[in-house]
């Protein structure tokens, strides 16, 4: 009758190695936009959680880890981030993290899925926490890549690329390529900092992340500093990878004291990306270095990454 | 991304042999009453479906099969059913089937879960089809067994027992016992007909059904005629068992022509329990007879059936 | 640690409506032939069971039901079956059932998968029960359709087509077509009887079965008598469909007494297809008749059935 | 037919939040000892993997991570580890890692499950790599706690506690308590180092790990230095926690250069616990510190940890 086996689940295909069945205690909201289906539901221990196309995106338990990783290293590295661009970032939490820095004068978020963001505004307040109403926010609903092409020279200090994984034949494949990264660079100021979510950082499926690192490293003239890093996202059942690319500042040279100073000056308080933890976040395990050596390749529009289960 | 493996499912523990994952295409309504949790959702091929405590109850695809089996053999067998009692039967479809017979002057439904029936009224109209508004209907929300004890001698022509399975330690255990059946008999007229849902009729788990047959057979003075029968309920992934017990009329003696005549006279049209199919419905496969011989026992309040996975 | 949810399972995609997780208590043998992967394992309540390409085929609990249905109605209908052909039938149990009739002088089984049959000989003795060693048996490993083309005029009294479902793009697609049925007819004697497994007989997925009926009915000159029938196969979680086509004898005209007489004369004892049950087996539920009217079509080599989940 | 949904899986209940279905490509060996059931199978991407009681234990993909974490920090911290004790450690890989240090003169492994270790010797050579045949190895099959009680004063330089999680009512509950840790201390030399696997280090279920830290910290007179650390075990779908407790040496004071020197002198080469990575391994994320503050408690024989899903 009521056993552990019985219940409602959302099944997500991890890789060929496993299918994960997340338990749904309560369905809060379900719908479909032009681009994706969504479920907001209560998962035991995780709390309120968002699924897109039946893949978990974020839960209240540890959304701060993903979103601090998405925003804080890049924001902190820039000595004076005034103008920020978020590509994607539907939940508004990457935006929220960027706005924590009181240096910010304007934060533009470009997310193509207006219906989803409208839903988020009403039903995921724990994520955006009012970020969409911040007077510094400019919210646009259009294709991020195309918008950047049209806004070349916009001089953003920080660009945060919080986009879906590059699934085979999916729309995000061309948002993980050298051409895309160049378009990002072209809307950045001369000392701009770029960060992106780059896929799984587990040993089982690191190919996307290490190829993102290699691709950005391949743009040495544009980005002399490139560093992979990761966050321990329990909701994803795996460490999650990010890459930072920087035109002028070296993330590995940032001292704990300097981070502390910047946080204090800008009014930033974090739960995961803390000054003492900076070094660990940027220290990749050997298996990622092995994977880099074994399987990283430069991703291009003609040979993009094809994420498959 | 979107594969067969990925999606939302309700997992139901069948027996130790299997867990069934029903795909949920769309959640329509979810809630919790004092007695049970419910989900109404769209299942591919099945259409709108109801789950109680994460066990499927009924789907639009073939609810008519279960509910015709629940009502029609007993209603048809009685030559002039005027007064009918439905114990349980939350969806209102057993009631609907009984009301098809224009001989009926009053149909009393006693279902303890008022919240569920209220929900059904609004959200499962395809099931009750207005049966709750029928002027002949009397709807009560109280314990069916207790109500019958208090209404001994009420002279119902037909009693239909459409109650949950007798799960171990569950509230329905004492609604599948000789004592309960006697209480039913005591509210029936002298030529009354009783029918009940009796659990799975598959070879894997027939113990409940064959014990219900044996228990009713054990009451020969009350019910000289007892017959098991079954319906092919695709939604349950198994044939489903029922038992009919009758004070005066023999279901196996009912001729096709007589059924046709009664249907015509009473304005009854069925999709599953048709005159030509009567005989098949009451012809049990050998494995049920073997199971009866091997494992049937008389169920009593002191040793009730304990349904376990 | 040990809960109902935890364990080993074989997951079978039923249709888009559900995925079934059969519990594997113990793996007995696992392997791969040129044509398919197989697992023999213990399933609780079902006992020893065979899976091919992760779809359950048969279990000790009720293999007799499938195999009696596969063989007995056709064998019984023929007044003197001497020469029998089994197409497919790897487990040897269809053969076993045919050999029960002591009228049989030779039984030819043509199954393309020699490796599987060799495995069955050693590891599934409960199925074949020595049938492969019967002196009347001729066992061939080649393509059944091609073999029949080459053996036109062979004068089999009974042909039993026990072949895999016609999966989209699978090899069995052309073994469920009018052309195939004609090839079968051409190896049959003038009063030959043909029977086939025809897929699910549940309400959810009856399209294959009813199209097989319609296709055989379309060959009225060859087969004046065509009748669908079904068995309650608990292992498959659904009733299973078969079709019988006959050149001279009408299965619906076979009286109980005649069946009894033939069984006695030929030394046949069945557990499922018993004389008293003949009529029920051949009485299709209305939903199959509705499905026939709604969706049956003549299957041909150019437009075969495409079984999809 | 063959879809991602269809196949063989071992389902492991993670917590109430999720059930993980590991895909089994091929079953290599399956059995049951007095203490547990086991499966050795091929999992896609993970390779050969061991499950005990349907919970994954280790896979070839990243067994080195778990086993280096289990052995290397403690072994390296001790300036001259000659005598080592492994409690549990069935696969022989913790033993293998300890033996890498050429300072070792004897390594005693006490694992109660002789049948499992015998199976491992034959079928999991990739794990032990001959460690059981090493002349320095002493292999015993008895209760580790009881054995240590009887061998008080044995003067082990390093004790490695590689035991099952303390499941509710399971035998390992009393191997995660202050009394057990004291028994370990009593078989250690005056400058001995202790390390243990301590359960999940994810945000979802850190209660066991942080309670192990607190319990060992509560023994300040015995263990002045206590440090939690973790490894990124992709096979477990979560970071995994360990605790080191030391009578004399401070793990956090160990410099990269000193680690390099010791590795060189002792002939140690690691893939995960490398000198440069030492610091990261011992730097716990904030969420573990929050969990420690929120929920850690001293575990005792009278109030042990009760691991529940």
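Labels A, B, C and D are assigned to the chains in the order they are written; within every chain, residues are numbered from 1.
By our rule, a contact is a pair of C-beta atoms (placed from the backbone, for glycine too) under 8 Å apart; a residue touches a chain by one contact, two chains touch by 3 or more.
If you're wondering where the values come from, they're calculated on a predicted model, not measured in any experiment.
Although chain A and chain B carry the same sequence, what matters here is overlap: shared residue numbers make up over half of all numbers found at their interface. The interface with the greater number of C-beta contacts, when C-D is set against A-D, is A-D.
Spacing of chain B relative to chain D, judged by their CA centroids, is 54 angstrom.
We define each chain's centre as the mean of its Cα atoms; on that basis chain C and chain D are separated by 53 Å. If each chain is reduced to the centroid of its CA atoms, chain A and chain D end up 33 Å from each other. Looking at chain A, residues 3-6, 9, 13, 19, 21, 309 sit in touch with two or more other chains. Looking at the complex, you find that chain B touches chain D at residues 3-6. Here chain A touches chain B in the complex through residues 1-3, 5-13, 19, 21, 24, 26-27, 30, 39, 53-55, 167-168, 170, 307, 309, going by the rule given at the top. Within the complex formed with chain A, the residues of chain D that make contact are 4-5, 9, 13-23, 43-46, 61-62, 65, 202-205, 232, 234, 237-239, 271-272, 274, 276-277, 279-280, 283, 285-287, 290, 309.
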